[in-house]
Amino acid sequence: MGFSIYDFSDFINNIHAFLIETFSPAIGNIIGMAIVAVCFLGFIALLGLSLVYIERKVCALFQQRLGPMRVGKWGTAQTVADIIKLIFKEPLMTKDSDKFLFNLAPFIVMIAPVMAISLIPFASGLQAVDFDIGIFFIVAVSSIGVTGILLAGWSSNNKYSLIGAMRSGAQIVSYELSVILSLLTIVVLSGSLQLSVIVESQREGWWIFRGHIPAIIAFIIFIVASTAESNRGPFDMAEAESEITAGFHTEYSGIKFAYFFLAEYVNMFIIAAVGATIFFGGWMPLHIGNIEFFNNAMDLIPPVIWFFMKVSAIIFLLMWFKWTFPRLRIDQMLTLEWKYLLPLNIMNILLMSLVVLTDFHF
Amino acid sequence: MEEVAQNIETQEYFINMGPQHPSTHGVLRLMLTLDGEIIKKVQPHLGYIHRSIEKMCEKDSYQQVVHLTDRMDYLGCHINNEAVCLTVEKGLELEVPDRVKVIRTIISELTRLSSHQLWWGVMGMDLGAITTFLYGFRDREMITDIFEETCGARLTMNYNVPGGLMFDIHPNFQNRTKQFLEHFKKKLPEYDKLLTGNVIFTERTKGIGYLSKEDAISYGVTGPSARASGFSCDVRKKNPYSAYDRVDFKEILFTEGDCFARYQARIAEMWESMKIIEQLIDNIPEGEYKAKTKAVIKLPPGEYYQRVETPRGELGVYIISDNKKNPYRVKFRSPGFSNLSALDKMARGFKIADLVAIMSTLDLVIPDIDR
Amino acid sequence: MEQIVFYILASMIVVFSVLTVTTRKILRGAVYLLTVLLATAGLFFLLNFNFLAAVQLTVYAGGIVVLIIFSIMLTSHVNEKLESTGNKKKFFSFIAVLAGALICISTILDYSFKEKSGIEIDTSMNKIGKDLLSYGDGGFVLPFEVISILLLAAMIGAIVLAKRETQN
Amino acid sequence: MIGSIKKYFSDIYNGVKSLFTGMKVTGHYVTHPGEIITQQYPENRDTLKMFERFRGEVVLIHDENNEHKCTGCSACELACPNGTIEIISDKAIDEETGKPKKIIDTFVYHLQMCTFCNLCILACPTDAIKMAQTYEHSVFDRSELTKVLNKPGSKIMQGIK
């Protein structure tokens, strides 16, 4: 069984073949799916744990603090302790709330990131599904998440929650537009929606460098719009604890609250992963022109490491935003979208089309 | 179409902001009448932290009254103490030594600085920038250390006694204060970089919560909140007490009357406070730290009033004496109470998010309102 | 394998469709509808119509259901229940449903399904993209543009309506 | 028209620039972990020293012979605004003069009612009490906060009147 940290496709194919040979094709497929599902669930759990810890540490650094230091060395087990605490908390519910929808909402919120994460290419060949509609599918499933937020806000029977849900509805629906358009800018350049093809097309150089000005504008718009779509950073109007206490998840406690929390962090990871894949070449190593020595040295670093380095850089950027800026007001946020981001985006796509038509990119 | 628009009934609804709410900074309850997110009416409900300080004063001796005022506006407690002491000294017709006056002024300005630093941090936090909260506290910590060393407590200092101070300043006081000034002069521009110039912050505050000069006067708004509307009301200038008549400082006036003007007024006041401290810190006159007073103070029968400028505005202390060792009646005209009364006027027509900004620029301290 | 998935999805569609119309809590109805639409998208995926499935997800699940939920949120309260319908109404709706079902079933039975058409339909994204913007044979550029103009008109109309209200 | 377009783009430019200035400030701190100001409290108990004037709790000063200076005059009790101090006094015969004399039996201090205003210390004519620099006052049982300040068997110092 061939195994290389540089290319996983042989490894995955071998496992697949082995499963099908040992069992019948149908059962082999099902077992394969189960393995993938378990891997992803484990990965998401790990992701939630580590991202919460990283966020707390990074936030502490921004604020000249130490952050969690008590549980484990440097507080590394703090999130585990928090999860244990959340599991044992009493699940509270308000009077007259719609119990069915109240309990359903956290799961709907979780569906979207779990579906989207399956399309992310972690390394060459390390991708669960590779649809030819790639990016479109990610955008499509992430639009389901908003339903969960709306349901959570409405079924809590709390006016603050309702306001929060209303805000997040308006926010997510309008910012989806900008996310799609900014991603389309790069699709124009790469000529495909399929994520593996987009990554492959950046073998010569990442799109953010090769697409120069329009690509950089697209990246900025993407970062801003996707921050807004994930209810984070300066766009956290849906929870806005100083205005509407905690917005749509005011009434949630215990493990159901943890679900919302987890969804937020997985969403953040997906944003960073999509950004890294589209703009920074996914798992592609950094290559500069024809400097053979440098390129070969970069090739030595495994693609998985490259991918996670890029993702962490973008996550750090998102955290930097969150811990620096004040929150926008809901109408200002909509103004930003419709008056600034959207027109810029459309102009940017035109510019990019011109660049592609004239072959002006590198 | 217009008919349809008229026939559609929209319902206004009530929402309780507080008594427990992250941005009321205490147990203030605001009953909001909302149309969507737009505020139609704000009704403050008070009394959740009422401890009847004024009534308690009536059974206390004049020395004991002082420490109760720590608990009113806990961020400007030295100034509250000073106000009571000044009133009692006025009743006794007692001239306090120069040294006391200067020290009181320096510590008052340090109190004002620390209060404004906390306000700045909290204002940032109310608008969603949590990092500013920590930065504000970081710089305030140096001042509380100075207080702890000289007065013995960090928050409820109780450093004043009628006739002077409880004890002399600590030998380190001048050095530490100078160190702090040096440090803070570097940090205050950072405040500007983080919030004042920030496009999101200016959008959130410019044109929000307008209060005209006339309204400011008629609602009795005082302090930086009123001076941002162009109402010149600085007691330190109008009616100098302690050592304010011998220092050179500007009264900060803005005319815009919106949240941003109130914000700028406080930032500018921090610079002025530093200027005042700089002028006095090297010129503390030698002398006694306390004038001679009797162990049991009895004010001659009559009514006494003294006003001072706290970080939030004008604090008036009104004492009626009937020649006993405890006052017959004490009344505090607290700035927070009057400032709060203008909230409804300022917030109407704005959104919930703006209400939060307006409340933080009013710089409310709830125990100061309820007493 | 595919058949099992198909039956799961199909039964989901049937069950949740019935629930959508019988529930007395209006928002639950919307959620059941969402499930129906998601299951339909699943059917499309099963048929390898990936693009259509994604469109189904974005437009119906992400757009229309959100809009429905939004309007429900604005108009009704959480513990509101719809009145149960009268017997007369029940009777007539039963007749209508029966008639509709009969028509559908008879059409399906009448249609002679081919065992397996030899031509494999190309559903790749490339093909769809090129077809959408080509004006040759099998090109959709005219309907595409017409729909664009329709949407633009709708948007302008919405803006005009919204603007008039603020002036009042 | 051109002016407004120019304004549109300059607005964007200035806005983005102002955001970057803010990010520079926070970015400075994230790259300078040496400026972290957090103190890890229970770990630094040994090095944590309060200022000498810090008002932690009232204590009655005892010297090495277990003698204190309190005459039981109850000036502190009167000066206290909250009734924190209760002095239960006893009668004794003065050994030198043979006259009856007031001595303290128990000096009760209710820490839970104390506001640390320092008025009792100022009122004390013999400097018998002082503020200690302790700061960890939390207990599990409220009754532990009511303290008796004079140590068992302690006596008044010679020559204190």
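By letter and in written order, the chains are A, B, C and D; residue numbering begins at 1 in each of them.
The rule is simple: a contact is a pair of C-beta atoms (placed from the backbone, for glycine too) under 8 Å apart; a residue touches a chain by one contact, two chains touch by 3 or more.
No experiment lies behind these values; they were computed from the predicted model shown.
Asks: Looking at B-D and A-D, which pair shares more C-beta contacts?
Replies: By the number of C-beta pairs in contact, the winner is B-D.
Asks: Hey, which chain ends up farthest from chain C, C-alpha centres compared?
Replies: The most distant chain relative to chain C turns out to be D.
Asks: Please tell me the distance, in whole Å, between the geometric centres of chain B and chain D computed from their C-alpha atoms.
Replies: 24
Asks: Quick check: how many Å separate the C-alpha centres of chain C and chain D?
Replies: 70
Asks: Roughly how many whole angstrom separate the Cα centroids of chain A and chain D?
Replies: 50
Asks: In whole angstrom, what separates the CA-based centres of chain A and chain B?
Replies: That pair's centroid distance is 45 Å.
Asks: So which stretches of chain B touch two or more other chains?
Replies: 131, 138, 194-195, 198, 200, in rising order.
Asks: I need the residues of chain A touching at least two other chains; which ones are they?
Replies: 62-65, 323-325
Asks: Can you list the residues of chain D that touch 2 or more other chains?
Replies: As it turns out, chain D has residues touching two or more other chains at 19, 22, 25-26, 37.
Asks: Using the touch definition from the top, list the residues of chain B that touch chain D in their complex.
Replies: Touching chain D: residues 60, 63-64, 66-68, 70, 131, 138, 141, 148-153, 156, 158, 161, 166-167, 170, 190, 193-195, 197-200, 295 of chain B.
Asks: In their complex, what parts of chain A are in touch with chain B?
Replies: Listed in rising order, the residues are 59, 62-65, 159-160, 163, 234, 236-237, 240-245, 323-332.
Asks: Taking the touch rule as given, give the residues of chain D at its contact with chain B in the complex, in rising order.
Replies: Of all residues in chain D, those touching chain B are 14-16, 18-19, 21-22, 24-26, 37, 50-51, 53-55, 79, 81, 115-119, 122-123, 131.
Asks: Within their complex, state which residues of chain B touch chain A.
Replies: For chain B paired with chain A, touching residues are 13, 15, 21-23, 37, 124-131, 134-135, 138, 194-195, 198, 200-201, 203-204, 351-354, 356.
Asks: Across the complex, what residues on chain D touch chain A?
Replies: Interface residues on chain D, with respect to chain A: 12, 19, 22-23, 25-27, 29-30, 33, 35-38, 40.
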